[in-house]
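Before anything else, here is the set of structures, which you'll find just below.
Both complexes below contain subunit A, partnered by subunit B and then by subunit C.
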Partner chain A sequence: MKKLVAVLVTLAMAVSFILPAMAEDTIKIGGIACLTGPAAMYGVGVKNGVDLYVSELNAAGGIDGKQVEVLWEDDEASADKAANAYNKLVQNDGVCAILGPVVSSATDAAADLAASDGIPLITASATAYYITTDRPSVFRTCFLDPFQGKVMAAFTAQELKATKVAAMYKNGDEYSVGLKDAFVTEAKALGLEVVAEEASADKDVDYKTQLTNIKDSGAEAIFLAYYGDVASLILTQANELGMDVMFTGGDGISNITDSISDKSLLTRMYYSDHFTNSADSEIVKAYLAGYQAMYGEMPSISFSATAYDAAKVLCGAIAAAGTTEPDAVVAAIKASSTEGVTGTITYDDHNDPIKSAFILTYDAQGNQVFVKQQDPQQ
Partner chain B sequence: MVLFLNQLINGLGTGAIYALIALGYTMVYGIVKLINFAHGDIMMVGSYAAVVLMVNAGVPFPVALVASMLVCVAFGVAIERVAYKPLRDAPRICSLITAIGVSYLLQNSAQLLFSANPRPFPPVFSIPPLRIGGVSISFVTLLTVLVAALLMVGLNLFVMKSRTGKAMRAVSEDMGAAKLMGVNVNMTISTTFAIGCALAGIGAFLYCIAYPSVAPTMGAMPGLKAFIAAVLGGIGILPGAMLVGFIMGVAESLTKGFVSTQLSDAVVYGILIVVLLFKPSGLLGRAQREKV
Partner chain C sequence: MNRKFKSYALNLSAVLLIFLTLYTLIQSGAINKYYAGILIMIGINVIMTVSLNLTTGFLGELALGHAGFMSVGAFTAGIITKQLSTSLGWDPLACLPVSLLAGGILAAAMGFLIGVPALRLKGDYLAIITLGFGEIIRVILQNMQVTGGAAGISRVPRVNTFPLTYFIMIAVIIVMFTLGRSRHGRAILSIRENAVAAESTGISVTRYKIFAFTFAAFFAGIAGGLYAHQIGRVSAATFDFNKSIEYLVMVVLGGMGSITGSIIAAAVLTLLPELLRGFADYRMFLYSILLILMMLFRPKGLMGTAEFSLTLVWDAAAGFLRRTLRIRPRDHTPMLPDVPRYDVGEEAPVLETGRLGIRFGGLQAAENVNLQLYDNEIVGLIGPNGAGKTTVFNMLTGVYLPTEGDIRLMGRSIVGKKTYEIGADGIARTFQNIRLFKSMTVLENIKVAFHTRMHYSAASGIFRLPRYAREEAGIDLRARELLRVFNMEESADIRADGLPYGQQRKLEICRALATNPKVLLLDEPAAGMNPIETRELMETIGLIRDRFSVAVLLIEHDMKLVMGICERIYVLNYGRVIATGTPAEIRDNPEVVRAYLGHSNTGAKAEEGETHGNA
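And then the complex of A and B:
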C-alpha cells in the first residue's frame, strides 16, 4: 500500500513537472473581438480570419515546432469590456501578444494598456488615426482612409495615364476632406497637374456647377471623395453635361450600385478597397479556398482578410524574433515585410501598414470587376 | 464666356425645378392662406410612387407619371380633409404647426416603409445634350424649363379665366363672403389642394429625372427653396413664384461656380432678406391695404 502511494506521488510529481513543460510548447496569443452585439458581424469575421491562419500554421508545424493557441475574449464592441478582456488575457492567461480588438473605441482602450505594458497588439480593423499614435507596440493591418487617396493618385498616373486631374469633396466631412487632401498631395508629388478642387455642401443634389468648372479646366480624371450615393449623382450629371472623363474614388464608392440607375456609366468609375474576393492572385485564391473549407462559405467582409494578415504578421514576427519576449517581437513586427492576402505589408513610422490596395471597377451591367493591386509609390 | 453661359444654363435647370414646386406652394398659400410645409414631402411621396411603379411593377413611364400624380392628389386631398380642414377657423399658427407635423409624419413613414437608403430612379430619357458652340444644354434642363413655363401659363389662365378659378379667387379674397354668394368653399379648397399636389407630382418626376435618387428627406430642401420662391414672388402670384424660382437657381449656380460652394445658400437667403426689407409683399406682389 505504501509503495502504491509512493508510486502515485511520484507520478503526480512527474505529471506536475511535465504539464508546465508541455504548456511551454504552445505559444499563447490573446484575441479580442466583438463576438456578440451589433458589430458582431465584424468581430466574427476577424476571429474567422485569425483562426484560419493559425490552424494553417499549426498544421504546417507551428512556430519552431510550437503550436500556436489563440484565446478569444468577447468585448461586445465596448471600451470597458475590451480593457477587462486585455487584463484577463495578459495577467491570468499569460498571452504574449494581442490580436484585435475590432472597433476603434474598443481598440483604443486595449491599445492604451498594451502600450504601457509594451505588449505587441495588432488590430485588423481599427481605422481611427490616433490608435497607433505614440504607442510603439500597437500596429494595424488595415490602411487608413486617406491612404486610398495616395493609392488612387498613383493609379491615375500609371494606369489611366491622365496628366490633368480634378478632385471633388464634401466640405466639413472628415472622410471626404482627408481623402481629397491625400489624393491632391500625392498627385502633385507624382507630377500630375491638379486643375480643379471643387467643394460641395452636405445634402447637395446638384453638382453640375462644380462639374461645369471641372469641364472647363480640361481635367481627364476626377477623384470623388464621396460615398456611392453622391458619386452616382455626379456620374449621372457629368453624363448629362456630355463629359468624357474617368472617375476614381476610395472604398466609400463600393455601395454605388445601390443608387445608380444607369449602370453603363459605372464603366468609367475606378475605386480602391481593402480586399476583394475577385482578386486573381495565388495567395488570395489559397486564402479563399482555405476559408471555404474551414467555414463552408466565402468570407463576406474584407476584415477577415486583414485579420488573417494580422495573425500572419504577428506569428512571423515571433518566429523571426525566436522568442515571445515583447520588446523583441515589437522590433520584429516593425522590421517585418509580410506577404499577406491583402498585399505585402511593411510599417511606416506611425505603425500604419504600407501595402497595396485593390482597384476595382464595374462592367456595363454593374458587376464588380477586379483591375489590379495598386502599390503606393514610395 | 462659355463657362458663364454653361453655369447660367445649370442655374436655369435648378431654378425651373424650384419654380415648378413653388407654383403648387403659392397656389395653396394664395387661396387657402396656409403655408403647406408638407408640399415638399408630397413631392417625395410622388417620387416613391413613381419608383415603385416603374421599378417594381415595370409600368412604362407615361403611365407612371399619371399614376404618381394621382397618388399625390389623393394624399393632398386626404391630408387637407384630415389635418387642415378641422383647423380652418383656428388661429393660423395652428395649421402651420400641423403642416410641419404632417411633413414629419410623411418623412418618417417613408423611412419606415422604404428605409433611409436612397433608391435609384430609373433612367427615362437617354438623349445626348444639345451643343451650341461650347455651350451644352442637357435635355432634362430644356424639358424642365419648358414644362415649368407651360404649366405657369396654363395655371394662370385657369385661375384667371375659368369658373373654378374665379371661385378660387373669391375664396382667397373673403371666404365668408364667397360662401354667402353660393361658392362651394370646401370643394374649391379641395380642388386647390388637388391641383397643387398634381403639380408636386409633375415636379417630383422632373426632379427625379434631373437627380435620380429618391430618399425620404428629399423633399425638405427643394420644399424650403420653393417656399422662399413663393414668398419672394408675392404669395399667390404664379408668374412671381416662377420668376423668383429662376432667379434663385441662377444665383445659386453663379455663386457656386464663381465665388464659393459654401456661400450659395447664404446668397439665396440673403436675397430673401433684402427683397423682404424693401418689398415685403414680394417682387410682383401689390401692397394690400387693410380693409376696415
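And then the complex of A and C:
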C-alpha cells in the first residue's frame, strides 16, 4: 500500500518535472556544487565564477548565436546527492555537459556516472589525483594535490631555506590528508627533516597542543593542510605561543583573509594557488573587474577563477566542435588550448591541466603579494 | 484461515504489482535513471529504518550509531567486489551475493560487539555507548589503509539494480514481521515494556539485547553493501553521527515499533529533499518545517506502534499451503492448564532455605532464615516494614546474592544463578508495584511467559517452519485456557494497561503461573486494593491452590487475607524469623503481637494490622 503511495508520488513528480519542449535556441549546461552546508563557501565561489563567464559569453552573443544556460543543483558536498543531481540534470533537464562538482568525493560519484554516459564533465576544484583516472570524458581546471605538495616542499627548501619542517592536517579529511602526504613525501625526498606530523579533528578550535609539540620539535616551517578558517586559528595561536616559524600551505589557504583578525601575522604565510589577483595580464584585470561588477566584491577564493576557466574551456570546446554531441565535445576539450585567468590550459594524458602554480603571501595589511610562479616542469 | 488467505493474496499481489509496475516503467524509460536512483535509495533507506526500528522501536533502546554498521557493510562489500572483479576477473554481478553477505556478517559482528556492553547498561547510557561506537567505527575506517583512509574507496562497480534492492527490501520487511511475531520477537518486546518482569519470566535480557543489536546490524550491513554498489564510492565521512540521526528521525517519524510506519517515513524523507530541489535556498528550511509539523500533529509518528492490516505474506503462504495440502488438521482438544505434578514426596519441601542471610555493608538485612515450602501450600510471610520480606524474595529470585546460607529448589541449590535462570527453573513472582508489559495485549503478556517452554529457534520463527506453527498454535490454546481458568478470556485481546487495577494484578499472577512455576512468590498482591478487589484476590489465590500444583509464598500486610488463606505463616522481624505456625498460633504469639500485630485482640482487622505494622 505504502509502496503504491510512493509510486504515485514518484509519478506525480515525474510529470511535474518533465519540462515542456526543450528550447532549441539555448545550450544547456548542468552545474553541480555544494551550495549549502559547511563547504558552501566553495560551492558558491565556483557557481559565481561559472555564472560570470556565461553571462559575459551570452552578452557577447553566446555560442554561434545560441545562448548558454547553466542549471544549478546542490549536492551538499555528498556523493549520493551529487549522483542524484547528475541524474536529474542529464535525465530530466537534458544538459549536454556538467561543470562541477566541487569537493573530491562528490566529484568522484558524479564523474563515474559521467564517464559511463560519456558526458563531458569539468570540475574546477577536485584536486585528488584519481578523479580523472580512466575517465576519458572527465577533466579539471585546477592542479593536483601531489603537484602543490611538491611545489611547496621545493619552495620551503629553496626559498625559505628551512631544514626542519612540520606538517599539520585534519584527520579523516580527504583533501587535508592527501595534501599533507604529498608534501611530506616530497619534503623527505628533498632531504628535509620532517620533525612532526600533527593531526587535528574536525571542528577543532584549539591547536595549542599540536603547536606546542611542534615548538618542541624545533621545526622552522609548518605546512598547514587546511582551509583558511583553520589556518587563521593556527597562525593566531602560534603567535600567542611566541613561535618564530614560517607557515606554508596549499590552495585551501586562499580565503584566510576573511577570518584572521591580526593581518600582520599573514606575512609569515606562504601558499600555492591557482590564481593570483596581482597578475598583470589584461585578462585577469578584466575578470576581477567583471566579478566586482557582478557581485559587488572581489573574489575571495581562487576556485572562482578556476570555475571561470572551466566554463571557458567547455564553452570554447562546444564552439569548436560546432555541436553539443558529447563525443565531439570531449575530443574538443582534449585538443583545446585555452587562455584562462589562471594561465594557459592544455590537457595531458590524464586529463589534467598542464599549468603553473602561483606562490603567494600577504603584506601586513592582508593584501595578496605575488612571490613566484612555479611551472609544472620544475 | 479465510482471512489469512485473503491477506496472503493481498500482500503478495501488492508486492508483485508494485514491482512489475515500477520495473516496466524503468525498463521502458518512463521512469528515468534519476527517479530509478531515488527509488533505489528509498529501498536502501527502508532497510536501514526497518532494521533500526528493531533496536529502537521493538527493543526500546535508543541506538545512535546505526550508520556505523551501514559503513562497515558498505566498505566490506565494496572492497570484496572490487577485489574479486579486478584481480580475479569475476563478473561484478556474480560477486554481489558474496560481498553483500560478507558485509552483513561483518556488520553483525560489530553489532554483537556493541551488544556486549549492553550487559550492564540501558537507556541513556547505552545510547551514548552506541554513539561512541558509531564514531569509533568511522574513525577506524578513516585511518585504515585497506579502506582508503580519508578518501575512502572509489570505483566500486555500480552493479546494484532496482529488482535486487526491491526484493532484498521485501525480504527484510518480511523477516522483521515474522520475527516480531515469534517468541523471540515477543521476548524483545517484553524487554522494552518491562525488563525486570521479562527477566522474572525467564527471559535473558542480555541475550535478547545482543540478538536484537546483531540482527539490526546485519541488515544495516546489507543496506550498506547495496549503497556501495549503487553510488560506486564509499567514504567513512558519509556515515557520521548525522547520518545515524537521519535514520533515527525516519524511525521516530514513522512510529517507533511500526514497521509499516518505518517504510512510509523512509520513503517520504528520501523523496522530500529531492522534491524540494526546486525551492533552492528554502529547501532546508521547508524540510525542517515539514518535520516539525509532522511531529506536532503526529507526536507518536505516522503510525504509532500500529501496522497496516495486510498481514504477513509468509504467514499466509504457510497457512495456505497447510490448508491445501492438509498437512495438519487443527487440533481443538482442550488442554487444561498444563501444570504437571512434580514427583515430589509430600515430605520433601519444594523450596527450602537453610540459614539464609545477607549483609549489606554493616547492615544484616536477613539472618538465619529457614523457610520450607511444600507443594500445594499457601504460606504467608509477614512482618513490619523493613523486616526483610522483600529482601528474602530478592534472594530467592536471584536479584541479591545471599552472603550466607543456601536456597534449594527441588533439592538443588540455586544460589548464584541469574534471575532469568531461576525464573526458568521454576520460581515465578509478582511485584509490589505491578509490572506488566503494558502496551502488549493480555494474551501476549501470557505468551511471553510461555517463552521458556517453547523451543523453536529464531530461524523457525523467521521462516515460519512447521515447528513454529505447531508450538505457536499450542501456546495460543494454552494461554487462552489459562485465562479462562481465571475468568479473563474476554479480555484476551485488550491492552494490559486497559485493565482495571484488580484485573492487572490478576493478570500478573496469571503470567507468573504461565511460566509453569513450582513456587510462586506474591509480593503484597493486595496492596492498593479495595475490599471487593481483595475478596476477588482471595478467590484467585484459592483457585491457584485448587487448580495448580504450586507452592505459594505470600508477602502481605492485609491480615484478613493472610489469616484467611494461609496454611502456615512465617513472621519476620529485623531480618530474623521470630515465629512460625498456623494463623491461629501466630495470632496468639505474644512476640508477634508485640512486634507487629499490635495489642488489639484480634489480627483479623486488616487496617489495624497494617497500621501497627507500619508504626
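Points worth noting:
Everything below uses one rule, namely that the second predicted complex is superposed on the first by the 213 of 378 C-alpha atoms of A that agree within 3 Å, B and C clash if a C-alpha of one lies under 4 Å from a C-alpha of the other, contacts with A are read in each partner's own complex, and residues count from 1 in each chain.
The rule is simple: a contact is a pair of C-beta atoms (placed from the backbone, for glycine too) under 8 Å apart; a residue touches a chain by one contact, two chains touch by 3 or more.
Note that the structure is predicted; figures quoted are calculated from it, not measured.
Legend: residue contacts after superposition of the two complexes on their common chain; A:334 is shown touching neither subunit B nor subunit C. In the overlay built on the shared chain, the residue A:164 is in contact with neither subunit B nor subunit C.
Of the two partner chains placed around the shared chain by superposition, subunit C is the only one that A:92 touches, whereas subunit B remains out of contact.
In the superposition on chain A, contact is made by A:260 with subunit B only, not with subunit C.
Contacts of A:78 after superposition on the shared chain: subunit C is touched, whereas subunit B is not. By the document's definition of touching, of the two partners only subunit C reaches A:177; subunit B does not.
By the touch criterion stated above, A:236 is placed in contact with subunit B alone, subunit C being left untouched.
Within the superposed three-chain model, A:28 lies out of touch with both subunit B and subunit C [touch as defined at top].
After superposition on the shared chain, subunit A has more residues touched by C, the comparison being subunit B against subunit C. On subunit A, the surface patch touched by subunit B in one complex and by subunit C in the other comprises residues 171.
Subunit B meets subunit A in the complex at residues 2-3, 6-7, 10-11, 13-14, 117-123, 126, 128-129, 131, 136, 138-140, 210-213, 218, 221, 252-253, 256-257, 260-262, 264-265.
Considering their complex, residues 1-7, 9-10, 13-14, 35-36, 73-74, 78-81, 83-84, 87-88, 90-92, 104-105, 108-109, 112-113, 116, 128, 130, 171-174, 176-178 of subunit A touch subunit C.
The touching residues of subunit C, counted against subunit A in their complex, run 14-15, 18, 21-22, 30-35, 37-39, 41-42, 138-139, 142-143, 149-152, 154-155, 158, 227, 230-233, 235-238, 260, 263-264, 267, 271, 273-275, 277, 280-281, 283-284, 308, 310. On subunit A, the positions that touch subunit B within their shared complex are 171, 198-201, 203, 205-206, 208-210, 212-213, 215-216, 229, 232-233, 236-237, 240-242, 258-262.
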